[in-house]
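Okay, got some structures for you below.
Below are two complexes that have subunit A in common, paired first with subunit B and then with subunit C.
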Partner chain A sequence: MTQTLSILLSVHIIIGVIGIIASYATLLWLFKKNISVRLLKISSITAFVAYITAWITGGYYYVVYYGSNVKPIIKDGPNPWAHSIIMETKEHIFLFLPLLAFVILLTVWFKGNNLQENRPLRNALALVVLITLIISVFMALGGVIISGSARL
Partner chain B sequence: MDLHIFLITTHLIGVALGVGGATFGGILYLKALKDGKIDPMEGEWLSIIFTTLRVGLVITVLSGFGFLLEYRMTGQEERLLDPRLWAKLTIIFILVSNALLMQMRKIPMWLGEGLSITSWYGALTLGIIRGADYSYFTFLIFYAIAVFVIIGVLSIIKKLYLGKYFI
Partner chain C sequence: MKNKKNKLINSFAISAILAIVFIVFAVIFGELYKPFKNWLAGAFNHHWIGKSVISIMIFYIFGFLCYFKISDREEILIYMLKIVFWTALAGALLITSFYLYEYFLAIHQ
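Let's look at the complex of A and B:
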């Protein structure tokens, strides 16, 4: 693997985890007694930027390196399902993340001041954030399994 | 300083803040309950401790994924499927879910507190033990037993200190 690809993979992983932390913070702060719109704006934009960056870096790594170098090793190894199920799922479901994060970002930025009083709006937004969080955690854990299966 | 030492240092700082925060949060909460109410000053101290704990959690998770990246980059990929690592990830998952449920007030305090303390000490134990070749489910059974034991111990401490049971 070239140094550029190593850096891209590192950025993909670390920025992805930062995205998860930002989504988690958004969910946590939505349930504070006094909702801070400023904090929600910071966490939601961090999550959005993180998922976009993870998408671009991961996508580049996948196209340039993974398909021709890592995928054959996994498919010939004892855990071929790590590619055929987990990576295939990751590839498609990941695409939800930037879009969901964008919906959260727009809601916080344009309707943030209504979240304190409008409980149905807050709960609906919390549900979207929770779905985003669950997907992103699955992406991270899936990545650990895929990387672990690349050598066995 | 090489990357490995940097990761170990930051991971230890995160764990120290987390374990320390969970422990002192529990102690201060108990002390605050002595007079039956949490006054503003006690509330402020608890808020600072829980913020410190969350900072510790963020540092621990980030440096933890740094280790996973290091395994991937240095040809130690087999360590990524280690049952001990997956038990630790599961405990961290329980820890963060518990923190969320506590924030939403959807979990009783005695259970949330027991889960938080057991999870922090459990993750710490899994991080330092060597040579424990158990399966993933065996680790989780140990953890579940530890949760019950810690809840029982905390209940006895509360009974002795406050004079009443909380479960």
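Let's look at the complex of A and C:
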């Protein structure tokens, strides 16, 4: 692997974890007694930027390197399901994240001041943040399984 | 007076739903009907880039188009956010189930 690809993969992992932390923070801050709109705005835009960056860096690595170099190793190894199930699922469900993060971002930035008193709106937004968080955690765990399978 | 912020959130919530539905469709249909997957790969250099580009186009084009038609009511906004949640959950489960089926149950010629 070239140094550029190695850096891109590292950025993908680090920025992905930042996205998870930002989504988790958004969910936590939504349920605070006194909702801080400023903090919600910071966490929601951080999550959106993180998922977009993870998408570009991970996508480049996946298209340029993974398919021709890592995929055959996993498919011929003891855990071919790591590609056939985990990677196939991960690469496609990941595409939901930037869309969900953008909807969260819009809602927080435009309706942030209404979240304190409008509980149904807050709860509905929390559901979208929750599914974003669940998917992003699944992405990270999937990445751990895939990289582990490539080393076996 | 129209609430433009509500309209914008509602329209992008609808476009997110449409984009997620497209991704799920493209994944399952692409695996079952290889010419579709091959077309994505040929037109966009890689099938995954094809799915990414088309889903983003659906998201932003419908996001702006729906703006002119969508309601600005707050109840609709809350309802749309819930639909976004259920669509993402169902989409994730469908894709996961499909690849589990493909790996464990499907018989490939």
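Note that the second predicted complex is superposed on the first by the 152 of 152 C-alpha atoms of A that agree within 3 Å, B and C clash if a C-alpha of one lies under 4 Å from a C-alpha of the other, contacts with A are read in each partner's own complex, and residues count from 1 in each chain.
Here, contacts are C-beta pairs under 8 Å (C-beta built on N, C-alpha and C of every residue); 3 or more make two chains touch, one makes a residue touch a chain.
All of these numbers come straight from a predicted model, not from anything done at the bench.
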| item | value |
| --- | --- |
| When subunit B and subunit C are modelled together on subunit A, clash or fit | fit |
| Which of subunit B and subunit C A:Leu9 touches, first, second, both or neither | first |
| First, second, both or neither for A:Leu27, with subunit B first and subunit C second | first |
| Partner chain in contact with A:Leu141 - subunit B first, subunit C second, else both or neither | first |
| Contact breadth on subunit A, by residue count: subunit C or subunit B | C |
| Partner chain in contact with A:Pro72 - subunit B first, subunit C second, else both or neither | neither |
| Partner chain(s) touched by A:Leu127 [first = subunit B, second = subunit C, both, neither] | second |
| C-alpha centroid angle, subunit C to subunit B via subunit A, nearest 10° | 140 |
| Overlay on shared chain A, then closest C-alpha pair between subunit B and subunit C (Å) | 19 |
| Residues on subunit A lying within both footprints (that of subunit B and that of subunit C) | none |
| Interface residues, subunit B side, partner subunit A - complex | 58, 61-62, 65-66, 68-69, 71-73, 75, 77-81, 89, 93, 96, 99-100, 103-104 |
| Contact footprint of subunit B on subunit A as seen in their complex | 6, 9-10, 13-14, 17-18, 21, 24, 27-28, 31-32, 137, 140-141, 144-145, 147-152 |
| Parts of subunit A lying in touch with subunit C, wherever the complex brings them together | 55, 59, 62-63, 67, 81, 84-85, 88-89, 91-93, 95-96, 98-100, 102-103, 106-107, 110-111, 118, 120-121, 124-125, 127-128, 130-132, 135, 138 |
| Residue numbers on subunit C that touch subunit A, as the complex places them | 5-6, 8-9, 12-13, 16, 19-20, 23, 27, 45-46, 48-49, 51-52, 55-56, 59, 74, 77-79, 81-82, 84-85, 88-89, 91-92, 95-96, 99-100, 102-103 |
